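Handing you a structure now.
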Amino acid sequence: MTESLRPILAILVSTVAIPVILSLKRRPNVREGVTLTVAFAKFAIIASMVPGVLSGTQYEFALGQFATGIELAFSVDPLGLLFGLLASLLWIVTSFYSIGYMRGLDEHAQTRYFASFAASLASAVGVAFASNLLTLFVCYELLTVSTYPLVTHDETDEARAAGRKYLAYTFGGGVAVLGGTVLVFVLAGTTAFTPGGLEGLATADPTLARAAFALLAAGFGVKAALMPMHSWLPDAMVAPTPVSGLLHAVAVVKSGVFGIARVVLDVYGPVTMEQLGVALPLAAIAAFTLLTASIIALRQDNLKRRLAYSTISQLSYIVLGLALLKEDALTGGLLHIPAHAFMKLTLFFCAGAIHVETHTDDISDMAGIGKRMPLTMAAFAVAAAGMAGIPLVAGFVSKWYLVIGALSLDGGLIFAAALLVSGVLNIAYFWPIVYQAYFESPEGHDEKPLLEGPLGGRDEVRADGGDGHESGNTDDDSDEGEVPNTEHVDHLGKHREDHEHHGGPPAGGWDDRGWRGGESTWFMLGPILTAATLSLLLGTVPYTAVFLRIVDTIVSNLPGVMA
Amino acid sequence: MIEQLPVLLVVLPIIGGAIPLAASLVSDRAGWPVATLTLIGQAVLAGLLAWTVSTSGTVSYAVGGFAAPYGIELVVDGLSGAVALLVAVVSLGVLAYARQAGPHSGPFYGLYLLLVAGLTGMTVTGDVFNLYVFLEITGLAAYGLVASGRDASAAVAALKYLIIGTVGASLYLLGIGYLLAATGTLNMADLATKLGEMAAYDSTLVLTAFGLMVGGLTVKVALFPLHTWQPDAYANAPDTVSAFISALVSTVSAYALARLLFSVFTVEFLTAVPVARWALVGLACVSIIAGSALAVSQDSVQRMLAYSSVSQFGLVVAGFAIATPLAVVGATVHLLGHAVMKGGLFAATGVIERETGATTVNGYAGMGSRVPLPAFSFAVLSLAMVGVPPAVGFVGKWYIVLGAVNAENWPVVAVLLASTLLTLAYFARLVERLYFAEATIHSEPDEVPVTDGSGQAVSFGMIAVVVIAAALAVALTAAVPELQAMLEDTLPPLLNQ
Amino acid sequence: MTLSLIEAVLLVFVLGCAIGAAVLRDVLASLMAFAAYSLGISIIWVMLEAPDVGLTEAAVGAGIMTILFILALANTVRPQENGLFESISVRTVVLVGAFVVVMIATVPSLPAIGAEGAANPVVSGEVTQHYIDNAYADTEVHNAVTAVLAAYRGFDTLGEAVVVFSAGVAALTVLRQEVFA
Amino acid sequence: MSSDERTGLYVESTIIMTTVRVVAPFVLTFALFVMFHGADSPGGGFQGGVIAGSVVMMLAFAYGIDAAREWLDVRVVASLASGGVLTFAAIGLGTILLGGNFLEYHLYEQFISHAIAYGIELVELGIGGIVASVAIGLFFLLAAGFGHAVDAPEDES
Amino acid sequence: MFELLNSHYNYFAVMLLLGIGLYMLIESKNLVKKVIGMNIFQTGIFLFFITLAFRAGGNPPIIKEGGGPYVSPLPHVLILTAIVVGVSLTAVALALIIRIYTEYGTLDEDKLKQLYYD
């Protein structure tokens, strides 16, 4: 325990930036300069705490006791550092990308966009460094509020509907978290995070303790997109791609997962979880979600929606890892937080780059696009491979630990099987994209339907861009119907009225832009390649990349973990 | 001089209120300066009083030197000290708004100060009948102020308010009659002891008195289904008056209800007669839900805000009725916080209407860019009202929920938690329209039909009031520990049970 | 104390006037019934040994209030109505009847009229006793009502004065006048 | 437009005018008696004030409201009302200045004997002033009706 | 029952007056009559208090040597105040009515509702 200004400084640095960004409305270059400076500063502050935390120091800053039970305090422990470091690192990457993306599309309200982004990051780091459940809740709610303008950024009917849904779901979850927090406070007399769990909860009335756990898991589960509370996430893909990337693959959804991690590790603790018998239901829900979401992902033709369902699936890997309560499973689950973040960010950035350059959103229009955007698609291939758990990419390491952990559990075979099946499904929904990008051409792809064959197993999905709703509503996910024409609503339509064919290759097929970066601006390519590289690094040298070391510290510090 | 503060706090605005009428013979712009001077003095006195209470405990004062229960006693503890300070500060703030927004007549400011006197009197008194007298001063002044606008509908709303309000106050008076029949005394502290001894808690007289007095006050608080006067009154009054009465009148009535519960009937009564407590909690819960449902279905922003008050006061009354120490602190925090937030919201609607002519939910579309500062304040206040931490709206709710959980009252916990979502339901659509919708009103305000008539210009003071309210909605959180300490020190029979 | 004939007649008269005020269709007729009602009530006050209240009721209820009502009627148009009485709404009668029945159910718990001692703490309670015993010594006035009004509960009376003043100012505001002209 | 013409309240009658002229001083005296004698018999400032107010109303019935309005300066009415409240408050505050509580009459004993009784009388007088002037003011206001304030000076902003 | 009526007659009258007043407040379409109803409602409550103050064989509370027993002065004082409050409320209500009539040309509640919600 060391009193230090650094936790609060990490949060404040981007909070202070908000008014500055707002006041620089007419000077976009300075404004973006501020964003980048702050992003670097934030990362530097957080990174400076890594050595200390790894050697057992815990940086603390308390704002004080505001009321009975309302104590606002921040501290940097290994778990918080994992999330904080990740979020601040990726903010840098995303900031560069945002500049390229927003300017590339000549978006409106960019000032509001960058200000909200800074606010979101402040809240996300607040979530990471919160040292008790209540502070976590406060930052969690602020995160909802500050990301709402980003989701609704387009100001179209679809965007507003998505925003409304987002608010309703996440505030609903917030209420559940609040209820759970109150219960925990009443039962245990405190909400301060304690590795291994609060003592008061172990001895409390088990029914109430279970109810509190259910509320907390359900509340954080909304942002972690556990089924059946996931349907806001695909709809929120209407947001600009950098938002989808950072917030909906990293900060927002990860704050939900992070919340569950805090509840499992530091509020209840493995031992109490075991006693209360709440771990298995959570694991079951996670396993169900990861399989179902993978299957649904197969059926999405809009690239961002497919990525969204992939996210839902991958988040459940983490939750599953946490719920299994085994040392290896925990390591795998926690490591999957950064691993998934790097990979998914790469994928989203690629989707965004394709969108900006070619206005193509549908997978069925992407045949042969590897010629037009070779580097982008290469990065995409690397990240997709990682998602599927191919060695040398980040996803492999985390999934390896997860499967080992599942197998070490009595009756854990079924979870291991679910993980492996899902891995296969991952290949099934990513591989065709990569394959057709490089090995097919726009002219030829109609003859070979996108998901033909044993892996996808669905021949009714046509590749002409008009699939899904006409032909495939038999087992479509129920929320699909609420947002008609989702594949075309991505905020493009509003700004490019002349853009009638909704993407796809130009009349003469894709140009050949070569491998020297002629495909896009370096503002976008740079972040894409950086993120891809990071996922490779984490897959090849996980310890050097720090994250696995942090995870190891977390797990080894945790009492009551079953090896 | 410190010990004279309770009475000075009431007499000062009375004196101030008597002056504008005479002064209007000399100058027709004398009202505002007189009111400002008086209320600055009032705020200083109230601040001093609150400080005294927080440092040296409850202040009690025997008017005329006649000891209670024979004379009238004024009692200022943490609860009343906080409310008195709120009254002084909010009324001073609204005055800054009124300078430009009007009305400007001398009698208006006279009445304004008399309303402050009435509210302060209700706050500091320790005598149930004295409370009735100040309740009626408050009522008379409020009816007059509602009708001070140029709109013809304001008079209809005021008459409706007058009739329903009078029935409420009369029921309260009849309740005093039953209490008097049971005990022969009117002093609150004396009643609290005699109610246990002379008349059993569950005797018909006491129960009837409880029903009538609480029923009468809930009319003034505007709990569902006795709220019908309130939306008309808030929506048709001039902006200044809407901001003022929405912030204070129901608030002080709810305070009076709390005073009645804790200082007259006491928590022992609520424990001895559980049905009384559950009736009140049930009424509050119904009010939370019905008020929100009605708010969602409104098209006019001001009416929506008015129904929102119905719902929020449900929350406050629920907290008081649960009556665990934490719930009471929570209800008090929410009572004070709601006053700031709701007053600020009404002031913001006034500013937005003057600048753009927008009054309806759809009319607010796209106003985020046309009136950035008021719209932003409106959004902040809305979120604070929803209970987004760390705004004060959250802290109150937190305490009330804690109290309900401590009382193991699960249905109420569920309603309280759901109230967040219910509140979100009506505020989110407004905030969404403010920022993320195409403007539906493009005309300049001049082309919009003038409804208030006292000029359309927006002054610096008006915007400042709105912005300060928004800032306070967040900053007040920092004052909560102080308030909690003050309440715990001065409401001992209740909070240290 | 039991019901005497004159009290019974007065009560019947008062209730009759009240019902008349309620059912008479013509507003002026209703108002006249109300004035008669006020007079009847003020006699009841005197019978109950409350001459101060009686004098006030006579001056206010039957006097100034009636004048104000007449002024209001003069400023508005009295609708020409057909028929002497209004039709009675059964629904409202049932509703109000329910309220009355509930309230009547509380009557037995009230002290009997004229009761004293422990049964009626209003008359025999220590507060009343204190006033009667000490009023003259404390305030040098013989009328205990005045003593209580102006001294013991002088703060109420300040409030009362403010109520009257507020009514005047409120009426000015309502009619949007600057001065009483 | 004169309110009398509009409302048709006023019918000139010599008998009424004469009667009122004779009775009015007596009624006013009675009003003051009720006001001051409240200490020892029923009555007080409130009742006396009402009766005093009724004198003006009688005059108005006899000579017409407009005539009564001209006869009685509006400034008198307003000052009497405000003055009544201020008198009451001043009596109360005076005792505070003398080191006691609000309205603690006996502290005036150092200046005058029977201070309590005089204090009470003064309070009654203040109330009487308020009540009489407000009653008169309300009478004039209600008689005038609404609609004369259309071009009131208050809306100039 | 008769026994009760004989000893509590005024209270029965109180409740009936409350009922009549309430009926007028709800049912009278004319606003002036509503205000009359409001006054009847209030006087019912006054009767309640003054009856409470009464004692058999008591004299008005004007204290003289050997003048007792006296009725209680306390409720009288309260009701004096309440009467004043009542007349003040009535005056404001009438001022409102005059204004409403001037602006809308009717005092009928139903017609007014139509005009008001237009």
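Letters A, B, C, D and E name the chains as they come in the text, with residue numbers starting at 1 for each one.
Keep this in mind: contacts are C-beta pairs under 8 Å (C-beta built on N, C-alpha and C of every residue); 3 or more make two chains touch, one makes a residue touch a chain.
To keep track of the chains, here are their UniProt names: A = Monovalent cation/H+ antiporter subunit D; C, D = Monovalent cation/H+ antiporter subunit B; E = Monovalent cation/H+ antiporter subunit C.
Keep in mind that this is a model prediction, so the values were computed, not measured.
With a step meaning a move to a chain it touches, how many steps does the shortest path from chain A to chain C take?
2
Weigh C-E against B-C on C-beta contact pairs and write down the one with more.
Between C-E and B-C, the larger count of C-beta pairs in contact belongs to C-E.
Computing the C-alpha centre of each chain, which chain sits at the greatest distance from chain C?
A
Where the centre of all protein Cα atoms falls, which chain's Cα centre is nearest to that point?
B
What chain is the most remote from chain B, judged by the mean position of CA atoms in each chain?
Looking at centroid distances, A is the chain farthest away.
Could you give the separation in Å between the centres of chain C and chain D, each centre being the mean of its C-alpha atoms?
Inter-chain centre distance comes to 22 Å.
In whole angstrom, how far does the Cα centroid of chain A sit from the Cα centroid of chain E?
69
Return the distance between the CA-based centres of chain A and chain D, expressed in whole Å.
So the centroids are 78 Å from each other.
Chain B to chain E: how many Å between their CA centres?
Computed from C-alpha means, the inter-chain centre distance equals 28 Å.
Which residues of chain B are in contact with two or more other chains?
Where chain B meets two or more other chains at a single residue, that happens at 7, 11, 14, 17-18, 21, 24-25, 28, 63-64, 105, 108, 129, 133, 136, 140, 143-144, 147, 150, 155, 158, 180-181, 186.
If a residue has to touch 2 or more other chains to count, which residues of chain D qualify?
Counting only residues that touch two or more other chains, chain D contributes 40-42, 46, 74, 78, 81-82, 85, 89, 92, 102-103, 105, 131, 138, 141-142, 145-146, 152-154.
Return the residues of chain E touching two or more other chains; collapse runs of consecutive numbers into ranges.
Only 18, 22, 35, 52, 60, 62, 74-75, 78, 80-81, 84-85, 88-89, 91-92, 94-99, 102-103 qualify.
Strictly by the criterion at the top, what is the full list of touching chain pairs?
Chain pairs that touch: A-B, B-C, B-D, B-E, C-D, C-E, D-E.
Which of the residues in chain D come into contact with chain B in the complex?
Per the touch definition, chain D meets chain B at residues 74-75, 78-79, 81-83, 85-86, 89, 92-93, 96, 100-106, 152-157.
Can you check the complex and tell me which residues of chain C touch chain E?
Of all residues in chain C, those touching chain E are 1-3, 7-8, 11, 14-15, 18-19, 21-22, 27, 30-31, 34, 37-38, 41, 44-45, 48-53, 56-57, 60-61, 64-65, 68-69, 71-73, 75-77, 79, 86, 89, 92-93, 95-97, 99-100, 103-104, 107-108, 110-116, 120, 122-124, 127-128, 131-132, 135-136, 142-145, 147-149, 153, 156-157, 159-160, 163-164, 166-168, 170-171, 174-175.
Please output the residues of chain D touching chain E within their complex, sorted ascending.
40-42, 46, 131, 138, 141-142, 145-147
Using the touch rule from the top, collect the residues of chain D that touch chain C in their complex.
7-9, 34, 38-44, 46-47, 50-51, 53-54, 57, 69, 74, 77-78, 81-82, 84-85, 88-89, 92, 102-103, 105, 114, 116-117, 119-120, 123-124, 126-127, 130-131, 133-146, 148-149, 152-154
Okay, in this complex, where on chain B does chain D touch?
4, 7-8, 11, 14-15, 17-19, 21-22, 24-25, 28, 61-65, 100, 102-105, 108, 150, 453-455, 457
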